[in-house]
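Here the structure comes first, spelled out in structure tokens, and everything after it is commentary.
The chains carry the letters A, B, C, D and E, assigned in the order they are written, with residues numbered from 1 in each.
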């Protein structure tokens, strides 16, 4: 297994890149070949990621946690930057999520994308490498590189295959993210000058700026800006509705499913362990931002008439849970709350945040697929244009309801557990704010049921407008969605494996941050 | 002996006059003349410094010689450009060069 | 004493000519004053006991540069007189800026700084030393200058050549 | 070496000091006297030279030339000068007054300044500056300036053309001239005119050692002096006297004066650089002989100038430019190179001189051969072209 | 003196000189058809030889003939210059062939310009500094105005010339003050004398004038605001291959000279020139970017963008430090990294512009519309260059940004860092405008066009360079850190 141990991450990481180069070499006229190649090539990392999941699980059961499959090769010795990758209980599920959503997206896109096929699949595969890289990187420079590598293909995906306002949206997406990433780069450099290394593991051990809260805060906010824009947390979220709305279906799926997680992942991988003091110091701020995101996002959803935009704002709201969970853990770190309560609560809040990351990827991915499916038929995203689809498209209705209920946190589906864990953890630590945040849950139910279900699926079917233009889900669409639905059910009924994973990651991260368990 | 500062004063005045010519003239050739005045001022400076601070070291002289040489080359190229400009536009007034503005 | 008088006369002549260069309306006259100014500067060089440079000044500035300038003026005849003002719109500002800069320079360079003056005569073999320096320590600049001259010559010919038929 | 100067100079200085003058005044009076002497010498020579030219041209053209005023018409020039001085002085209406009036003076001034560094005899030199040769070249450019001014300010298209030609021709020929002059300078290792003469002791005239350089200088001097076959800037038949077309009376006389002074001085420079200056037999014993030798050698050259003027046709302007750039400049460069190499040759001076002489002659022959071949080819082509046309 | 002169150290320069002469002779004697490939061929061969000669001496540290340094710092710039000029020549083969018949002169001038760069970057004496810069400038004027009958080319050259002449005169005045104060023109000697007692008393009065006046000249060459006005015009009007040269090599030379003069001759005046450069850096990047944002001609936009980039490069110099042990991020290595990254990137971007001009006649934003369909290779190449300019990893521009941002962070110049951050984003904004035109806009009615072979090679080389610098950052980091260390006296 030494081979597996040493190479699995690298293979997963660069496989899509190789695939993209292969696609590049295929003449652009052979569109079917391009589609076939990309889908099958994307299956390889998916399988490997699944194997990785299981393998990590067995190790986990065997008692070995923490970062596994580590590879470290010198890259820029002058800077102490290296090709250092690894995966732990936090990143392994996210890698799997990435591989899964990418494969599904490619599979779905193969039927839907007819225009400039070669570029599309090339960019999509490139994007996958970027996302894998972020989840695996254990070196700040490497992290940054992959962070940016993911940015460019998405810019094109939105800009070329998006909807009417795609150019504006793509530009906004790119520039917002760039502001954050440059700020993040500056902060990374500050860390480097303090410690002389870019290595995340080493930095975690060194804990720079532990006794200099001013500089620690400066660095913290540099990185925070980059991550919070990506998450996106209110008030940095304004790029998101545009980008999600205008992106092609698969683009939205990846954007909401994975790219947003990159930001949250950064909080856990970089900010919390490396700058625990600042993380704790500003934890309350994150709580506030998280709560505002939840409530604000949810209320804005209520006002939407554009279905896709609604889902996009729901992402803002749902990612607010992640922020709330992280912030609560941060507040717990300050030690300002009673010891006994906060110890487990902090871990619970973080579990919830991580779970929410995974679940949101699955659920919102599914929702965007569903919106895309409807859009393919109706060529409009206007909620009010529909009505009574439940009778006409029962299969679609059923699937949508599952995803929708998962999204609003119905027990038995995935979304419930993450919300539950977040609030359970946060209530002990920041009771009032958690309570306010809970309003968001209610509103979420409101917009899912009232805005979407009531408008789209119930009511009168507009026969003269739609006639037989709308038809129910077909094979490939079902095939795209069923894996996600299954996961929702599975996690809703039996979240334990994933919770175990995440709990160990949370405990380890909190321990590294100075929390004694 | 004439004090060094006298030379420097003359050079400074010459330099400023040249600069004024450069800034205030409209004709490219006139601007070039201003530049030549500035270069002369520099050379006065160089030679005055050479004479008053380092007469046994010829660095100042060498510098002045090089400045002279370069000035000649510069003037040649510049005037050639002006003549080409004149052929194209019947004018060597720089503020009429609008084509590339903005 | 007599040197000082000579210096004052020469520098008055030089500066006066320079003033005419930048203010005279007629370009050709400006150029002639430029020549006068060059002569004045050459005379200053003589006063500084840099005969070689004085001669070189006349040779290059008067013989080459001024001639070229006048030649260019003659080739672009009709441009230097008449229709438009010789000054541009920012002449007033230029004047102000120049006066201010001049005062600053005079104050700083002339009155403030104690230049490290030494009272030494010029060695009699200065020119020989200059020659040796040009092929010794300064051989590279010397050679580069020659390359520059060649390049400038070719370039000038290339640009100012007759229109191709 | 300085034989004459100390004798006269000491006597003169003693006289002045006896009169109780301060040293500043003595320097001033020195300069004044030297200037006056040089002026006198120059102007009288011009008078003679003008007469000589006219006589010579007349002889070539089978005429008598001036013969009324004075014996053999010797005073004719003076009479002409007086006539010019009394003639009306016309300034064209649209002339650029300042430069129009300044130009003739500047022309004379530029040439007169050259007299300063010419060693007429042992120690008889206005100022032996150590960059003498360079000074000569530098002052030459002032002359160009005068012509440019005249050509421009007359506001006459022929005058302007003359001005253009002046720049083209004079600047072009200045380059081979400088190259030719730098050959003896290289050889002597000095730019001081007096030292240059010193170096040509024992009949080792540079003109003899390096005939090609001498010849090159001579040709360039012809052009610099605007003499036939290079008199294009005042070519009467094309641009009717060129830059001084508008000048008359006194101001014309200035140009005239400058022209002849220039002839004399270019000869004098040639004498100094190539013909041993004031050197000749018995100069060591009788220094005054030096002046005689110097003037004699110079006038031989002047004579040659005049002879050529009287007998040669004028070149076309493109031929003239081509000749300068395609023949003279390369030749000059080769000569400088050769001289530079030979200076460093580790052989006895005599051997070196002989070798140098041979190489010079060889170069001369090669260049002459090449030019000749080119001319023959052109003539052939022309005659063929003519045949086709007819 | 001559006998102590180590000619080997001057080999790169000599090779260039000889090549330039050979090119002129080839032009004289070769038939036109032969000359078309022989001229660039010979030029490139000469440059490659010069490159090898410079590379072989990498690591040397000595002064040649009193006025030139043969040190790693200089060799670094020489290597960059040689490579970039090869690319320029490759890119110019067809472009120039169609626009002028004086090809021999063109290549010879490029070589002489490179020679001037070589001299300038290794100059250790005010005289050679001035001469090197001025030779480069004068040859650049000619190159800019090379298309004599093209109004834009000529006017660009005149504008360039006038600004350049004034700037160099001002710089010279500053040099003369330095000379007067120290009595020497040798940079190292100046530094020593500046710390001597008698000089020290006057320092405060001469420091500002000398620094400001000298900086004007460098700022002109490096096109820093407010001495940049020539740059957009010259870049736009000049033949595009020349623009490639001006915006990369010529600009780099400005920085090389600036760094050397300030660091070698005026280390004791550090507070003065660093303060000055701090202001210039902020001004340059902001003004450059803001104006670039409004441009409709891609060539002109890139011109302003390269002004803005000059501001970024300057950051390295502003924050220059001498950390012990030759560690990276001393500021100067940022300048060096930026220069090499920028050479490939910007030259590449201008090369694409040249190719688009060749293919469509002009280089406005509109000409780039739908480029991906019409010339996919060009579009892809342009995308890579633009992303690199925007500093996206793993491209060269990222390495450059990393290395100039780092010293600023180290020195804790927060204001500068924030301004730079904002500017980086603004710049990305207008780069994306071009990307948008190329990829998002579709104009099916416009015909496709081909790219010349030389251009194709040049672009491939530059793409490889852009990726190479970004991915194998360690090699370039190694070289730039070494060069910088030598210059900083480590």
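By definition in this document, a residue touches a chain if its C-beta (ideal position, glycine included) is under 8 Å from a C-beta of that chain, and two chains touch if they have at least 3 such contacts.
Keep in mind the model is a prediction, meaning the values are calculated, not measured.
Peer 1: So which chains count as neighbours of both subunit B and subunit E?
Peer 2: Of all the chains present, those in contact with both subunit B and subunit E are C.
Peer 1: Please remove subunit E from consideration and report which sets of chains remain connected through touching.
Peer 2: A | B, C, D
Peer 1: What is the minimum number of touch steps required to go from subunit A to subunit B?
Peer 2: When the steps are counted carefully, the minimum from subunit A to subunit B is 2.
Peer 1: If you count the contact pairs for each chain pair, which pair has the most?
Peer 2: B-C
Peer 1: Tell me which chain's centre, taken as the mean of its C-alpha atoms, is farthest from subunit C.
Peer 2: It is A.
Peer 1: Which chain has its C-alpha centre closest to the mean of all protein C-alpha atoms shown?
Peer 2: E
Peer 1: Among all other chains, pick the one whose mean CA position is farthest from the mean CA position of subunit E.
Peer 2: D
Peer 1: Quick one: subunit A and subunit C, Cα centre-to-centre, how many Å?
Peer 2: 70
Peer 1: So, what's the distance in Å between the C-alpha centres of subunit E and subunit D?
Peer 2: 51
Peer 1: Counting in whole Å, what is the centre-to-centre distance of subunit C and subunit D, each centre being its mean C-alpha position?
Peer 2: One centre to the other, that is 28 Å.
Peer 1: Using CA atom averages as chain centres, what separation in Å is found between subunit A and subunit D?
Peer 2: 93
Peer 1: If a residue has to touch 2 or more other chains to count, which residues of subunit D qualify?
Peer 2: As it turns out, subunit D has no residue touching two or more other chains.
Peer 1: Enumerate the residues of subunit A that touch no fewer than two other chains.
Peer 2: In subunit A, no residue touches two or more other chains.
Peer 1: By the touch rule stated above, which residues of subunit C touch at least two different other chains?
Peer 2: In subunit C, residues 52, 56, 64, 71, 105, 109, 115-116, 138, 141, 145, 148, 151-152, 155-156, 158-159, 163 touch at least two other chains, as defined above.
Peer 1: Which of the chains are touching one another, listed as pairs?
Peer 2: Listed by label, chains in contact pair as A-E, B-C, B-E, C-D, C-E.
Peer 1: Within the complex, which stretch of subunit C touches subunit E?
Peer 2: Going through subunit C, the ones touching subunit E are 104-105, 108-109, 112-116, 135-141, 144-145, 147-148, 151-152, 154-156, 158-159, 161, 163-164.
Peer 1: Please output the residues of subunit E touching subunit A within their complex, sorted ascending.
Peer 2: So the residues of subunit E in touch with subunit A come to 327-329, 372, 387, 390-394, 398, 401-402, 405-406, 409-410, 414, 417, 421-422, 424-425, 428-429, 432, 435-436, 439-440, 473-474, 477-478, 481.
Peer 1: Quick check: in the complex, which residue numbers of subunit B touch subunit E?
Peer 2: Against subunit E, subunit B makes touches at 8, 15, 18-19, 22, 28, 31-32, 34-35, 38-39, 41-42, 45-46, 48-49, 53-54, 57, 59-60, 62-63, 66-67, 70, 73-74, 77-78, 81-82, 84-85, 88-89, 94, 97, 99-100.
Peer 1: Given the complex with subunit C, which residues does subunit E contribute to the contact?
Peer 2: Touching subunit C from subunit E are residues 1-2, 5, 10, 17, 64-68, 102, 105, 108-109, 112, 115-116, 119, 125, 127-128, 131-132, 134-135, 138-139, 141-142, 145-146, 148-149, 154, 157, 177, 180-181, 183, 198-199, 201-202, 205-206, 209.
Peer 1: Under the definition above, what is the set of subunit C residues touching subunit D in their complex?
Peer 2: Listed in rising order, the residues of subunit C that touch subunit D are 2, 26, 28-29, 32, 35, 51-52, 55-56, 58-59, 62-64, 66-67, 70-71, 74, 77, 127.
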